[in-house]
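Chain IDs A, B, C, D and E follow the sequence of writing; residue 1 opens each chain.
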Amino acid sequence: MMQPTRVIDFVDAVAVYNDYPALAGVTFSVDRQEIVLLQGPNGAGKTTLLRACAGLIPVVRGSAHVLGVDIAIDRESIRERVGLLGHQNGLFAELTIAENVDFWSTVVGATRAERDAAMQRMSIDGKLANRRVSELSAGQKRRCALACLVVRRAEIWLLDEPHAGLDAKGRDEIDLILKEAASAGATIVVASHEVERAQQLASRTVSLVAGHVRGVS
Amino acid sequence: MTMSVSRIAQAVAVKDLRIELRSRIVTNQVLPFSGLVMVMFAFALDSDDVLQGVAGGLVWLATIFSLFILVQRSFAIEVSDGALDSLRVAGVNPQGIFLGKSISLFVQLIALEVVLLLTAVVLYRVSLGGAGLVLLVTCVVSATAGLAFVGTLYGGLTAGARGRETLLPLLLLPVVAPVLISATRATEAAFTSNGVTVSEGWPWVAVLAVFAAVFGLGGLLSFGSLIEE
Amino acid sequence: MTTTELPAIKGVGTQATRLYGVLALVALGWVFVGGLFFTPEDVVQGDAVRIMYVHVPTAWTAYLAFIVTGVASACWLLGKKHSMGFDRVAGASAEVGVAFMALTLISGSLWGRITWGTFWVWDPRLTTTAFLFVTYLGYLAVRGLGGSPQQRARRSSVVALLAVLEIPLVHFSVVLWRSLHQEASVLSPDGDIKMDGIMLFTLLFGVFGFSVLFAWLVSHRQRIMAMHDAQRASALEVAMVDRLQEASS
Amino acid sequence: MTMSVSRIAQAVAVKDLRIELRSRIVTNQVLPFSGLVMVMFAFALDSDDVLQGVAGGLVWLATIFSLFILVQRSFAIEVSDGALDSLRVAGVNPQGIFLGKSISLFVQLIALEVVLLLTAVVLYRVSLGGAGLVLLVTCVVSATAGLAFVGTLYGGLTAGARGRETLLPLLLLPVVAPVLISATRATEAAFTSNGVTVSEGWPWVAVLAVFAAVFGLGGLLSFGSLIEE
Amino acid sequence: MMQPTRVIDFVDAVAVYNDYPALAGVTFSVDRQEIVLLQGPNGAGKTTLLRACAGLIPVVRGSAHVLGVDIAIDRESIRERVGLLGHQNGLFAELTIAENVDFWSTVVGATRAERDAAMQRMSIDGKLANRRVSELSAGQKRRCALACLVVRRAEIWLLDEPHAGLDAKGRDEIDLILKEAASAGATIVVASHEVERAQQLASRTVSLVAGHVRGVS
């Protein structure tokens, strides 16, 4: 496996919804083990950029490379190595937390121990783990989704407002998890409106405005 | 680590069936619904002679209406909270997803059909011999496999599209028409209704098998690109 | 706000399409004149047989259109570059095919009204034709689902490849189930043709004429779609400028 | 400020119809679907004689299957993002909501039925005289009002319940059976099929009117408590 | 109209989901014109308490009065005077923002001017207002939902994580709107995990833990 330092590399990338350019020429790159914060007003294109990095939305102009692969040509090969937590949780409401995390462990080939560790990291105790997702509070669902993400041990983590809905303890937990993952070799992009908290976490902040990069700091 | 197709298929099927067991949609709702559809036909037709002749057809019609509901539900699970997106991002093998969802549909449909066929046997007083039974079982298995494959294929196609609930029946109906016809004819042969003999049913089963093969293969090859944005 | 230059439009005709157009006009002109005046009445059906010169060619051209859709879809799928040109041809051809199939259905119903005394019977050929028609309506609905052009092409090409398998079902339905409808008499398996010379000639001219008309319609429609895509691209250009202004304000 | 029931009903109906116009579900999907249902029935029955007799019944069966889809969609709009909750909290008069949703269902159903009936007239070669037309129009209006009311009532009842997609048809089917029967009989009378005369149809229309009145009133009285948690 | 100072008054209130006591005896009161912050870990019962105040979830034990009315007996009469923004936005996806706000204006009898003012308060300009909700970003949807709430001019505003998904400007806007509403006579209860921001806004903080009130400050 090649190990490029530049893990995400977008040059003048354009992504559209019908004819609306949600990304109108974004040049954006992330190096291995970085934690980058995406910031910007509502509708700036943060979610779109994350989904484009995950290969969920095609980049129609400009170039976009992830892990050295041009995702306009080949989105499949990088997929297993990317994990995304979007605005939605992606959970199965009729299953319990444990069953959801189990399902993900099976499809991505994680061990029992990894599964238990992921739940523990998000403070999901045995009692909570056996409750159905449909019976949880908003924050509890978000915790479950984060546990499903952790179990994937992706190389690139893309998180869309991971803090939203979590309580103070949950926010600290996820920040710690991200820091540890980065130091273990993962690359992390976080979109967030909790700018102060996220800036403490991130090594760099990229500001998006109206589909353009306004500034990097 | 890439998981094998069969592991993924199994995980998906188990998940879907577990969700079904939890919500008991098939037993508590689809089954009574399709039973009612059969009663309803009887009302609309309002003639005992006709009914005995078309018992086989009614079973399969009811099955197909239930198929729409089951397929829709099978994919509602995946898209309602964006789980399908997560599966795609994670690069989970789409063939595994296709097979898994087909298996779970197959199991649910078979359960339904057994009850419907028993009902038909009892309600419409049809007879069933040994040779007929063999024909019937083969017919049910191959027809159901075809329905499960085609349902999953088109379910994936419309998953996430707006107006999905209504587009799905429109797309499925003409495609499953051959299954309806062939399965009806084979079932009639098995029941020896309308003076057909059991042996006349086998060509129809062959049609069903070909159908299942075409859509099974088609689904395996295309499902990945269908669920892609 | 800048206005982006749109390519000047002088119609979508070319030398070739004009040739098709003329050919189609001539051939269909003959079908009209010959079909109505020069061909004899049928012994059994009388004047009603003249509907055949529209009914059969439109049916076959619709088949042709659907097969073209299938082939173009296969080319799109298998091609390395996934050229959108194939997708446009597939879509245009399906649209024309649906129109022709509608003509078959209408002319057939009218014919049926005269010879069978009814617009419609639940005959295998008729029913399978109706299914084929609806299948391609579904195909067009899938094309209209929205999403990116690539996604549309992917989805619709799969549907097209599955739908084209229904054509043999329609064609052989008369053999598979005993049918009220005419058996394959022109394209019959045994090869001998049982038809009056001038009738056959007119029929074949009709087939030729409708096929050329099909080619003419598809090439125009396809180019209109290409222009539409180009227009969307320039609309995107405008929207990009808007976005940039929004960003810098 | 409490708004009048009619203002609210109007706002709700306009909103629902506007959403329908945007998504064009009825014209592009439900209509072809119900057309296909009719074709499918005809195919399953496979007998020309039977068909001519049951043309009216088929129209109403297809309408009822479409009703399920329309009701489900009508309430999916309200619950998918919690809008119904907001309406309840705001104390928006539930009678207004009930009437508004009934009106929009009524309009959509009528549009559908007109096309289906025209199709039936053409496809099944039924004849229609002046007196028959009057009967038919009255029958369609009262049957549709009944269907719209009962659909809205049960739609509200199941809104937000899990397994709503499947529970709804199960609950509705037995309730609408009287509409199916009465409307079928009245339509047959209008078409003078099976040797019935037009005047024989009016008692059935009376049944339909009573049905509409009962469910209209029932809905007005109970809708508020039905959508309550 | 009676004007009790104690606008919300819960004593030992219990609310259940099936058999799970999400509120296990909550004593909680809010006075007119107060802005109260509800705070607590995920699953504490904040959402449940807000929904109970709005009359969406019955209080099965204890007593619960809103605007002087016992909501166990009569939930209808207070409804028009209460506005709730939940975790969900309650929008119609196929309609534009303007049409959504219009719809609400009509059903609650607000004027055109009030409607325009509400949209302007949430910085929804003409171009954005004419886009369909299904085509909006998460934060833009939230803005639309807030505009629909503002147009209601309720006496009691119940907001469940109003800040989630909003950008910095949106947060300031909503805070200002709430302050103005309170000084104009409204009573406001906000559940939020943005404790610092919300505490600046609120005159009092109520902490919930596991269905009980842990502390008031």
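Everything that follows uses one rule, which is that a residue touches a chain if its C-beta (ideal position, glycine included) is under 8 Å from a C-beta of that chain, and two chains touch if they have at least 3 such contacts.
Here the structure is a predicted model, which means the values were calculated and not measured.
Enquirer: Go through the assembly and pull out the chains touching subunit A as well as subunit D.
Expert: Looking at subunit D and subunit A together, the chains touching each of them are B, C, E.
Enquirer: Give the label of the chain whose average Cα location is farthest from that of subunit D.
Expert: Centroid comparison gives A as the farthest chain from subunit D.
Enquirer: Computing the C-alpha centre of each chain, which chain sits at the greatest distance from subunit E?
Expert: C
Enquirer: Of the pairs A-C and A-B, which shows more C-beta pairs in contact?
Expert: A-B
Enquirer: Using Cα averages as centroids, what's the distance between subunit A and subunit E in whole Å?
Expert: Spacing between the chain centres: roughly 30 Å.
Enquirer: What is the distance, in whole Å, between the centres of subunit D and subunit E, each centre taken as the mean of its C-alpha atoms?
Expert: A distance of 37 Å separates the two centres.
Enquirer: Just curious, how far off is subunit E from subunit C if you go by their C-alpha centres, in Å?
Expert: So the centroids are 57 Å from each other.
Enquirer: Quick check: what residues of subunit C touch more than one other chain, meaning two or more?
Expert: If we look for residues of subunit C contacting two or more partner chains, we find 131, 134, 137-138, 141, 146, 148.
Enquirer: Mind pulling the residue numbers of subunit E that touch at least two other chains?
Expert: Only 87 qualify.
Enquirer: Which residues of subunit D are in contact with two or more other chains?
Expert: Where subunit D meets two or more other chains at a single residue, that happens at 23, 28-29, 32, 36, 43, 46-47, 162.
Enquirer: Would you tell me which residues of subunit D are touching subunit B in their complex?
Expert: Answer in residue numbers: 23-25, 28-30, 32-33, 36-37, 40-41, 43-47, 50, 54, 57-58, 60-61, 65, 69, 72-73, 76, 162-163, 165-167, 169-170, 173-174, 177, 180-181, 184.
Enquirer: Within their complex, state which residues of subunit D touch subunit E.
Expert: 1-3, 7-8, 11-12, 15, 18-19, 22-23, 77, 80-83, 85-92, 96, 224, 228-229
Enquirer: Along subunit B, where are the residues that touch subunit C in the complex?
Expert: By the definition above, subunit B touches subunit C via 153, 157-158, 161-163, 167, 170-171, 173-175, 177-178, 214-215, 218, 222, 225-226, 228-229.
Enquirer: Which bits of subunit C are touching subunit A when the two form their complex?
Expert: It is residues 146, 148, 150, 232, 235-236, 239-240, 243-244, 246-247 of subunit C that touch subunit A.
Enquirer: Contact residues on subunit A for subunit B in the complex?
Expert: 54-58, 76, 78-80, 82-84, 86, 88-95, 99, 103-104, 106-109, 132, 148, 152
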